[in-house]
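Both of the next two complexes hold chain A, though its partner changes from chain B to chain C.
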Partner chain A sequence: MSLIVAAFGFGLVTMSIIAIAAVGFTMQFGITNMINLAYGQVMIASAYAAYAVNNAGVSIWLSMVVGAVFGALFSFLLNRTIYAPFQRKGTNLIGMVIISLAVSLVIANVLLPIVGYYSVSYHLDTGPTLHAGSIALTGVQIAIMAVAVVAMVLIYALLHFTRLGKAMRATAANPTLARNCGIPTARVIDFAWLITGALCGVAGVVAGMNSDAFSVANGSEFLIPIIAASVLGGAGHPYGAMIGAVIIGEMTEVSAALITPEYKQVAAFAALVLVMVLRPQGLLAKRGTLAAAG
Partner chain B sequence: MTYYLTTLLVYAGVDVLACLAISLQFGISGIVNFSFIVFQAAGAYTAAVLSMPPDTANGGFQTYVLGLNLPFPYPWIGATIVGALLAPPIGLVVLRRLRSDYQAIAMLVLSVIASLVITNTPQFLDGAAGISLVPQPLSNIFNPYSDGYLWVYSAATVVLAAIIFVIAQRIINSPYGRSLRAMRENELAASALGKNSVALKMSMFVVGGAIAGLSGAILVGFITTWAPSTWLYPETLILFAAVIVGGRGNNYGAVLGALLVPVGFEEATRYIPPFGPPGLIPAFEWVCIGGLILGFLWFRPRGVIPERRRVFRLAAASQPEEERGGG
Partner chain C sequence: MLGNHHRIGLGLVPVIALGLAACGSGSTAPTSSSPLLIGVIAPFTGPDAALGPAYFAACLPAARAINNAGGVSGHKVSCQEFDTRGEPADAVPAAQQMVASHSNLMAVVGCTSDEASSVAPILNQAHIPMFCMTGQSEFNKTSFTYFHRLVPPDEFDAFAMVGSALDHFNYKKVALVFGNDIGSQAFVGPAMTALKNLGATVTINQAIALGQSSYRTEVTAMLATHPDVIFTEALGPTDATYMAEVKQLNGSSLPFMGTSATIDPVWFAAVSGAIGVQDLVSNFSAVDLGVTFSGPGYDEFKTNLDAVASQFPAAPKYAQRGATLHLYDGIIQAALAMDETKSVDPTVYNAVIKDVGNGTTGSVTVNTYAAGVAAIKNGQKVRWVGAGGPTNYNQYNNSQQGYILVKYDASGNEVTIGTLTQAQTAAIIAAGGG
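Presenting the complex of A and B:
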C-alpha cells in the first residue's frame, strides 16, 4: 500500500511535466491546426540548450529560462520556415502530419552528432527530501510541481484576461471569422508558436531535471504520453490536456508500482485506446475534431 | 558477389511489396498507416515461430512461443494471415470515427507501444534480443548456403512481388479502386453516394496487412533473424518517403520509389567512405530521408511518376469526371 502511495507522489511530478508539455502541444493543435510531431524533439533540443549553459556553470533555474527561450524561438522558426509555407500551399492534414514527422527525424539526427550519443544530466542540487506519509519528494520535484502550477495559472490568465489570449481563442474557433473581425491572425499564430514553444522548452528542461539522465533518444519517448494526455482530454483543449495529464501521469506511475515499470507507457496507451473507442472526441470535446478531413 | 546480388534482389522485392501495400493504403485510399512496420514485423515473427523448432532447441538460448517446426509454405501463409488478421482490431479502433490526422498519430503511438511491449516481454518473442537462427524455407532439402538456393530465393521474391503488383493493379483499376479514390478525394461526398468508407478503408487495411505480413516472412526467411530494433517506427517513414518520391496513387510510382529510396539509399551509403564519429552516416541518412520527404512534398508533391489523370465518360451524357493527384 505504501508503495502505491509513494507512486502516487511520483505521479504528481510526472503529471506536472506532462501537463506543461501537453498544454503546449494541444494549443499548437487548437490554434494553428497543426499536429506537431516534432514536439518531442524540440523538447529534447531545448533540454540540451539548457544543459549547455548549465554545464558552463549557470544555475539550473536560469538554464530553464534559456531552454524556454530556445524552445520558443525554435518553434517559431519551425513554423515560419516549414509548417506555415506548407499550410499556405494547401497541404492537407495528413500531409502536415507526415511533414512534422519528417521534421522530427531531421531534428533528432542533426542533434545526434552535435550532442553525442551519451546520456547527460543537469548539475543541480536536488535539495532536501520532504516526506508526507509514504510520499517522498525531493526539493527539485516540488519545484517542478510549482513550475507546472505557475505555468497553468499563467496560461489560464493569458487565455481569459488578455487581448492576445482572446484573439487566440477566436483564431482557434474560426480563423476566417477572426480575420474578418480584424484580428491579425498571422501575428496571433506567431505568438502562439512562441508561447507554446516556451512551454515545450520548459517541459524539456523539467523532464531532464526529473530523470537521472537524458539523451536524444528520449525525444520520441516524451511524445507518447503527451499525445495520450492531449487526445484524452480532447485535442486542442488546454484544460482537457491538464485533465489528461493528471490521468496519464498517475496511471503511468501507479501502474508501474502495481504491475511493472516496463509497461508504464503501455498503461497510458491502454487508457488512450479506451477513450478513442468510447469517446473519440476526448473527455472535453472540441467541436470539429471529428469532422471529415478537409 | 552472388550473395550481394541475391541479397539486393530480396531486399528490393520486400521493399517493393511493402511500398505496394503503402500505395494501396496511403496512395489510393488515403489511410496513413504509421504502424505499417508492425504488420511486417508480425508477419516476420509469425513465420519465424511457425518454422522454428520449440525454444528448448539450440540449448534454449532464446525463448519464444509456438515453435511448430512447420514445413515451408505454411509459415509464409501463416504470416500473410496474421498480417491480415491484425488489421481488423486496429482498424476498428482507429479507422472508425477519427479524423485522418488523428488516425495517423494513433497508429504512430501504436507502433511505438507495440515495440515497447515486445521489447519488455522476453518470454513472448525473446524481447530486445530478438529471434535468431530462423530456418530458411526448405533448408532441410536444399543447402541454403549454395548459390543456387540464393538465386532461387531471390527469384521467388521477385515473382511474388510481380504477382502482388498485378493484383494491386487489378484493385486500383477496378470499379472498387474508383470507389477508394473517390473516398480519398472527398470522403463526405463518397459517403453521400452510399460508399461505406469504413468498410472500404478496412478492406485496404486488411489487404495491406496481408502483403506486409508476407513481406516480413520473406525477409525473415532470408536474413534468419528478427528483433525489435529492425522495426522501429522510422522504418515506416522510409517506406512513406519511397511512395512519396515514386509517386502516390499509382503502383509504378510505388515500385520506382521502393527501388530509389530504401534500396538506393542503402546501396549509395555502402560506398561512402566512413568519416566522422561512428553513427554519423546513419544520422546523415535519416536527415536525408526527412529532407527527401520535405523536398518532394514542396517541389514535386505528386512524385516522380505522378498519378495518371483519369477521365471517365459516360456513354450517354459526356460528363467528364476528373481526378486530381495528391489529395
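Presenting the complex of A and C:
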C-alpha cells in the first residue's frame, strides 16, 4: 500500500510536467490547427539550450527562462518558415502532420551532431527531501509542481482576462469570422506559437530537471504522453489537457507500482483507449475546443 | 498552366533520376583498384545511439592501418555508417539499402542485439562477411557462414556478472534492473538461472522502459527488497536517471554492476553526470571482455585510433572499449584473408577469415596489418593477434576469451580489479546451466 501512495506522489510530479507540455501542445492545435509532432524535439532542443547556459554557471531557474525563450523563438520560426507556407498553400491536416513528422526527424538529426549522443545533467541542487507519509519529494520536484501551477494559472488568466486570450479563442473558434471582425489573426497565431513554444521550452527544462539526465533520444519519448494527455482531455482544449495530464501521469506511476514497470505506458494508453471508446471526442470536448475555454 | 499534380509529377523527375543514379552506382563491381567499403550497421540514433559510434571508432583506425599499408591488394578502404535506430523495422531497410547500393562491401561490423536477427540473414544471403556485436544465444550455433562474433553471447556476460558478484564481492541478494529492449533483456534469463543455481536470491526483476523522465516508483519498489547489489544494463540516459533516483530515495548510492556494454564513455558521462563521479567510482563495477589493453597489437590500434581523431574527435575515448578493439581486429582479419586469397570476392576469402584469426599450422603471428601483408608477400600464412588479443573461433565462428572485472577511475578509464579466465568462466557457465 505504501508503494502505491509513494507512486501517487511521484505521479504528481509526472503529471505536472505532462500538463505544462500538453497544454502548449493542445493550444497549438486549437489555435493554429497544427498537430505539431516536432513538439518533443523542440522540448529537447530547449532543454539543451538551457543546459548550455546552466553549464556555463548560470542557475537552473534563469536557465529555464532561457529554455522558454528559446522554445518560443524556435516554435515561432518553425511556423513562419515551414508550417505557415504549407498551410497557405492549402496542405491538408494529414499533410501537415507528415510535414511535422519530417521536421521532427530533421531536428533530431541536426541536434545530434551539435550536442552529441552523450546524456547530460543539469547542475542543480535537488534540495532536501520532504516526506509526507510514504510520499517523498525533493525540493526540485516541489518546485516543478509549483512551476506547473503557475503556468496553468497564467494560461487561465491569459485566456479569460486578456484581449489576446479572447482573440486566441475567437481565432480558434472560427478564424474567418474572427478576421472579418477585425481580429489580426495572423498576429494572434504568431503570439500563439510564441506562448506555446515557451510552454514547450519550460516543459523540456523541467523534464530534464526531473530525469537527472537527458539526451536527444528523449525527444520522441516525451511526445507520447503529451499526445495521450491532449487527446484524452479533448484535442484543442487546454483544461482537458490538464485533466488528461493528471490521468496519464497518475496512471503511469500507479500502474508501475500495481502491475509492472514494463507496462506502465501500456496502462496509461489503455485508459486513453477506454476513454476514446466511451467518449471519442475526449473528456471535455463537449463544450467545444479552445474557443469554449471560457 | 500546369495543375498541382503535374507539378508534383515534374518534381519527382529529378528524385527518380537521382534514385536511378544511386542504383546504377551500386551495381558496379569493384575493379582492380576501386575503393572498398566497410559498413558500420548499428544504432546511431534512438535509445542505443551510443553503440554506433563505438563501432565506427573501430572501423576508422582499421581503415587507416590498411590504407597506410597500401590498401587491400591496392584497394583503399573506407567506412560508412548505416543507422538502424536500434529497431529491426528500421534495420531491415537500412541493411537492404546498404547491400543494394554498395557492391564494394568487403565486410560489415556492428549488428548489435537490437538488429542482428533481422540483419544477419540479409548479409549472409548477400555473401558479406559480418562481425557482429550481438549477444543473442541464437547465434551460438548459427548456420550463417558469413557471421563472425568476437565476443561471447550475452548469457556469458550474465554468468560472469553472477560469478563476480558471488565470488569477488560475496553479494547474495541481487536486484535485476535491465532495459526492456531485446539486447538488455537477453541477460535476464541466464542471470536468474545462474543466481538461483548458485544459491543467491533475485530480490526483484524489473524490465524498465527506456527514456522515461522518471523511475521513482520502480526505484521505491526495488529499494523495498533490500538488495546487496543491482545488476543493470539500461542504455541511453536510463541508467543515469535510475541510479540518480536510487541515490535520492535511498540517501546514498547502492553497489551496482553492469554488463560489458556499460564500459563505454557515453554511459560513463551520463551516469557520472547524474550521480557524481565519486559515487560512480565507489559503487560501480562491471564485467568486460578479457582484454589486456597492452601488447604490440593494442599499441598499433591505439596509434591509429588517436590518429583518426581528426575525422572523429571522440575516437580516442574508445581506447578501452572491448567491442571497439574486437571489431578493429575483425576488419583486419577480413583484409588479411583477402590478401591471402588475393581476392575481393567474399565467397573466396570468407572461409579464410577463420584461419587468419585462429592461425593454421606454420602460420606466423602478426600484430600489424603491414606486417601481415609483408608476411603474405613472403609466402607465409598469418595469424592475427591484434588489439583484443588472440582469437579462438569455434565451428560457428564464435570466439571468446574470458572476462575481467573492472571499475572506472575518476577520468572514466577502465581499471581491472579481477580476472575470470576462460576456464573459470566455463565453470560458472556450467554451474549456471549455460
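Some notes on this structure:
The rule we apply is simple: the second predicted complex is superposed on the first by the 285 of 294 C-alpha atoms of A that agree within 3 Å, B and C clash if a C-alpha of one lies under 4 Å from a C-alpha of the other, contacts with A are read in each partner's own complex, and residues count from 1 in each chain.
One rule holds for everything that comes next: contacts are C-beta pairs under 8 Å (C-beta built on N, C-alpha and C of every residue); 3 or more make two chains touch, one makes a residue touch a chain.
Just so you know, these numbers come straight off a predicted model, no measurement behind them.
Touch criterion met: A:37 reaches chain B, while chain C stays clear of it.
Contacts of A:120 after superposition: chain C is touched, whereas chain B is not reached.
By the touch criterion defined above, A:112 reaches both chain B and chain C. By the touch criterion stated above, A:102 is placed in contact with chain B alone, chain C being left untouched. Touch criterion met: A:17 reaches chain C, while chain B stays clear of it.
Of the two partner chains, chain B is the only one that A:228 touches; chain C does not reach it.
Look at A:272: by the touch rule set out above, it reaches chain B but stays clear of chain C. When both complexes are overlaid on chain A, the residue A:210 reaches chain C alone and has no touch with chain B. Contacts of A:218 after superposition: chain C is touched, whereas chain B is not reached. Across the superposed pair, chain B and chain C both touch chain A at residues 108-109, 112, 117, 220, 260, 262, 265.
Residue ranges of chain A in contact with chain C, taken from their complex: 3, 6-7, 10, 13-14, 17, 108-109, 112, 116-121, 126, 129, 136, 138, 207, 210-218, 220-222, 253-254, 256-257, 260-262, 264-265. Chain A meets chain B in the complex at residues 35, 37, 82, 85-86, 89, 91-99, 101-106, 108-110, 112-113, 117, 220, 224, 227-228, 231, 235, 260, 262-263, 265-266, 269, 272-273, 276-277, 280, 289-293. Note for the complex: chain C touches chain A at residues 44-47, 49-50, 53, 180, 206-218, 220-221, 224, 236-237, 240-241, 244-245, 248-249, 266, 269-271, 273-274, 314. Of all residues in chain B, only 30, 32, 34, 93-94, 96-102, 104-106, 108-110, 112-113, 116-117, 120, 187-188, 233-234, 237, 240-241, 244, 276-277, 279-280, 283-284, 286-287, 289-291, 293-294, 297-298, 301, 327 touch chain A in the complex they form.
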